[in-house]
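Chain naming follows the written order as A, B, C, D and E, and within any one chain the residues start at number 1.
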Amino acid sequence: EKLDDLKEQGYARIAIGNEPPFTAVGSDGKVSGAAPDVAREVFKRLGVEDVEASILEYGAMIPSLQAGRVDAVTAGLFMKPERCNAVAYSEPILCDAEAFLLPSGNPKGFENYADIAADETARIGAPGGGTEEKLALEAGVPRDRVIVVPDAQSGLKMLQDGRIDVYSLPVLSLNDLLSKSGDGGLEVFAPVKDAPVYCDGAAFNKDETALRDAFDVELAKMKESGEFAAIIEPYGFSAEAAKSTTREKLCAAQ
Amino acid sequence: MIRINDLSKSFGKLTVLNGLSFDVMKGEKLALIGPSGSGKTTILRILMTLENISGGRIEVCGEPLFHMHRNGQDVPADEAHLHKMRRHIGMVFQHFNLFPHKTVLQNITLAPTLTKGEKRIDAEKRARELLDMVGLADKADYMPVQLSGGQKQRVAIARALALSPEIMLFDEVTSALDPELVEEVLQVMQRLAVETDMTMLLVTHEMGFAREFADRVLFFDQGRIVEAGPPEQIFQAPQEERTRTFLRKIIASRHGM
Amino acid sequence: MGDWAGYLTLILAGTWVTIKLTVMGCAVALVVAFIAGLGRVSRHATLRWLSTGYIEFFRGTSIFVQLFWIYYVLPLIGVSMTPMQAGVMALGLNVGAYGAEVVRGAILAVPRDQYEACIATNLTRYQRMRHVILPQALPLMLPTFGNNAIELLKATSVVSLISLADMTFQAQVVRSQTGNTIVPFVTILILYFILSSLISFGMRYLERRASRGAEGVR
Amino acid sequence: MEWDWEFTYSILPLLLQGLKITVLATILGAIVAASLGLVFALMRRSPNRLLSRTTGFFVEFIRGTPLLVQLYFIFYILPDIGLRLSPLTAGVVGMGLHYATYFSEVYRGGIEAVPRGQWEAAKATNLTIRQTWVNIILPQAIPPMIPAMANYLLAMFKETPLLSAITVMEMMSQARSIANSNYRYIEPMTLVGVFFLIVSIISVFGLRWLERRYGRQGR
Amino acid sequence: MIRINDLSKSFGKLTVLNGLSFDVMKGEKLALIGPSGSGKTTILRILMTLENISGGRIEVCGEPLFHMHRNGQDVPADEAHLHKMRRHIGMVFQHFNLFPHKTVLQNITLAPTLTKGEKRIDAEKRARELLDMVGLADKADYMPVQLSGGQKQRVAIARALALSPEIMLFDEVTSALDPELVEEVLQVMQRLAVETDMTMLLVTHEMGFAREFADRVLFFDQGRIVEAGPPEQIFQAPQEERTRTFLRKIIASRHGM
């Protein structure tokens, strides 16, 4: 019945991040990017005319969903077992591997999170509450060497200023960041060794599996028809990757 | 008119008045004199209900001031009773206490229009008469800050009179004034004393004026009446040693030693 | 690098949100300040306690915590507000608590003499407040109210926490979309300064008007 | 969402660690603010018009713009001109600078509140300017300032969550990080609120005491 | 001792003193009287260098007060010169202006130890003598708030005397006091006048005291000397109409009308 409400209302509220190319905000204020574009299209097929996107920081997304402030999160919020418990995910949409942004030539030779843990002076930047922060902590990097960076641009700046030694985000995000910065002294190391490839899905409130299921149906049709690939591939994402895995697998992965 | 019976008043541990009794008759002009801190101001403030009493009983115009009858018993007065009783009494302060954000005229008309529901036009007419009486007819639209101390005090007197109280209280009304300005205020009061039959209580350090003005003088010390009598007696033939010392000091400093 | 005119428009859109938050927040704060400020000097112990509780709570906890509670926790117990409403409530209630103390302070700063003159002219409690005390207390409050309004303006920058696209938030967006840090931040610094200067000028104008005719009252 | 006590206990140590940073930042910031504030106050009193005007404008500018934006500025832009401060230092400098503008007003008010008669008595007893400041004016001006200063100290304490924007792991950042990795917001945020409230309530009593002790001196 | 020549003083547009000249001889006791606002206080404040002058010239003990010689020219005095000149002069204020954070003894010893580099023990010895002289030997360790007005004013006198000035200025030193406390202060001053040969300038509204105290009286109005002469002349046979009106008003209000 949630879907009926949304249809009547004429729009769905979605949370997006402030991280190209998952999301992008044009100079006219219009929201685009791979995640909202897919969501917009699927909702349109479900009979919901439009989406109203609000940019949230990563940490605020799940609470907003739980508090009913948004109807879905489409922000490159990768599926992980604990998250699958907190929200109801759709089937995979955007997949990406983890990457490091670091000085050209990778002078310290960081190839995975464990390398960073091993170097006692190395500091890694990652978004608060994001997958990268978790991976770093799990790999044994102590809390005080995992710097919570408020946004990608800050991470880039901190790396340039030497405040951190490496900045970790998904591959495409870092590529976009690096190309915008035009900084020749940095490079993207991708993919990070031993780190799994993650996929996000549209996340819904745990109680609204009906809406999620309806979403899945339309998403599957789009994947089938190739329209899905047409939307996300211009942004650099691989439609194949999304099609080759399932929510079940990703949520079960350790 | 006023009957004070066994009145006591303490501020915290300090007992200022202790078992004080005296009466004031209708139309009487009473001067309270005495050294600093003897409790003169406190008596006036109590009569104006600015202070509560600690014990005893006061009657004004035949009715208890701080008590009222409820089911045959005396209970502490509530605000409504006090409000009613205050109609009988007006007070003029040492520091004038005019309302600084109102014109002279508004200062005088504010209370009559609000508390007695007088029409504005009537209140203003009466206010102008009173201003004329205190010699300030031309200052009606001034703000208080634009007046000299003596003028302010005359406005304050007019303001108190506007409510037509039967009793007027004056607390050192000239001691905040420049010496040259004292006279104009005393003149107004003298006129009031002669021309009306209001009951008046006056606290002052101006012995000369107290003598001219009062029917009876009470000399206070430490919250008690040391000596009472007509001004001739108190000033010329004081009975008590304390009174004599006090008067001698005052006179000495006023006239050189 | 993109289209600066467009991104400037984005920041200006954020400015508009900031202005709305400031104006509405001030309105709420003003109302609340008078209610709680008068409550603090009330004769009724219950009113005094209620006001004191409100004031101490909102002055005692950080605006961040308040904002978070109003936005994320109240919905869990069924009170849901739009981000704008939540922002206005949090800002208004927070600054209102400070304003209440200003109201109380100004009322107490009116000399005792004035209360006594009111009693001597037999005004009722309500008449005292309405005709004598408040008219004199108001000019005393204005300068501090002006400062409070500026504090409120500055506090709007924290609403970016709850996804309100105010000026600071838009600057962040522009920053990550363009990769340029200096331009958006310097722009909003200037914009904030313009806004706060406008508030100061407005308040000074009001002060001059309020003190006209009552010079030397202090 | 239910309250989970076990979780509450488990996050307490982390939050307390955040509280330590919060308190440290507050105290260091207050020291900067108090000293810089005096400098501003004296510069504004300077007979040199250019100096006093410039200081005045600078103070107004800092006071009219949000601390958050100033922190961004110090942390992300100053390195471009070669000034790279650690997150905590940047936070202390930012808060200290911001609050110095408030402290300078307190100093000014306190100095102006010393009655004119005291300056005159000092002159009449032929004290020099320096002796007047040291022996007459400051000893009378400073005690009444103490409550106002303590008030700003408390305000600084409550603004420390802003430091999370420049990656200082103070109490609020700790809480958010905990919340983000556990998807439980109520417990950490409530605890933070409670900590703030406890510190504030203690401070309110402290302030009352200070006010009684220093606020109104027998004048 | 003091030579005032063509002195003028304006506050903004208001000219308070205009072309005022008079001399004061060594040891002379001078009383300045006159209506409120006539500029009496201003003259004392100028002599104490609390106000700057707008024009004219003042010499104190043979040296210019607001000027100094530099390369054969008269230039405005700098702080060092003023500091030197202030040694000759002491002042007692209407509102005492004691230092509230220091004890009575410290109030008196502060300046001698700081400005004259006296040893603490000497300064305290002298302070106790002075306190004895003003009748407050037992109050040395009190704080000013613990004293009555009259006591505060006597401490203020002792403080001024501690610097052994040749000239003492008194500005309405009793008008903030309760009438009973006036005498104790006047007595101290009277003693000073008789027992020392200090030059004294006194502004007062206590005509009785002015008469006893002064060798010469200057009557001021609107920043000018209207009449000058020995007290007998001014008080008993004033030449000018303005003086007569003023004295009549003052006397009238003091003694009843």
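Keep in mind that, in the parts below, a residue touches a chain if its C-beta (ideal position, glycine included) is under 8 Å from a C-beta of that chain, and two chains touch if they have at least 3 such contacts.
Chain-to-protein mapping (UniProt): B, E = Ectoine/hydroxyectoine ABC transporter ATP-binding protein EhuA; C = Ectoine/hydroxyectoine ABC transporter permease subunit EhuC; D = Ectoine/hydroxyectoine ABC transporter permease subunit EhuD.
These numbers were taken from a predicted model, which means no experiment stands behind them.
Novice: Both chain D and chain E are touched by which chains?
Specialist: Chains that touch both chain D and chain E, as defined above, do not exist here.
Novice: Over the chains that touch one another, what is the least number of steps taking chain A to chain B?
Specialist: 2
Novice: More C-beta pairs touching across which pair, A-D or C-D?
Specialist: Result of the comparison of A-D and C-D: C-D.
Novice: Rounded to the nearest whole Å, what is the centre-to-centre distance of chain C and chain E, using the mean of the C-alpha atoms as each centre?
Specialist: 52
Novice: From the C-alpha centre of chain B to that of chain C, how far is it in Å?
Specialist: Roughly 46 Å, centre to centre.
Novice: Could you grab the centroid distance between chain A and chain C? Build each centroid from C-alpha atoms only and quote it in angstrom.
Specialist: Between these chains, centre-to-centre, one finds 38 Å.
Novice: Using the touch definition from the top, which residues of chain A touch two or more other chains?
Specialist: 63, 66, 157
Novice: Where in chain C do residues touch two or more of the other chains?
Specialist: 72-73, 76, 181
Novice: Could you list the positions in chain D whose residues touch two or more of the other chains?
Specialist: Counting only residues that touch two or more other chains, chain D contributes 1, 76, 185.
Novice: Mind listing each pair of touching chains for me?
Specialist: Touching chain pairs, listed by label, come out as A-C, A-D, B-C, B-E, C-D, D-E.
Novice: Quick check: in the complex, which residue numbers of chain B touch chain C?
Specialist: Against chain C, chain B makes touches at 45, 48-50, 79, 83, 86-87, 89-91, 93, 95, 97-101, 110-111, 114-115, 143, 145, 159-160, 163.
Novice: Using the touch definition from the top, list the residues of chain D that touch chain C in their complex.
Specialist: Touching chain C: residues 1, 60-61, 63-70, 72-73, 76-77, 80, 158-159, 161-162, 172, 185-186, 189, 192-193, 196-197, 200-201, 204 of chain D.
Novice: Please name which positions on chain A make contact with chain D in the complex.
Specialist: 58-59, 62-63, 66, 82-83, 85-86, 128-130, 133-134, 137, 143-144, 147-150, 154, 157-158, 160-163
Novice: Which residues of chain D touch chain E once you look at their complex with the stated criterion?
Specialist: Per the touch definition, chain D meets chain E at residues 115, 117-118, 120-121, 123-129, 131, 135-136, 139-140, 217-219.
Novice: Provide the residue numbers of chain C that touch chain D in the complex, in ascending order.
Specialist: So the residues of chain C touching chain D come out as 56-57, 59-65, 68-69, 72-73, 76, 150, 153-158, 168, 171, 181-182, 185, 188-189, 192-193, 195-197, 200.
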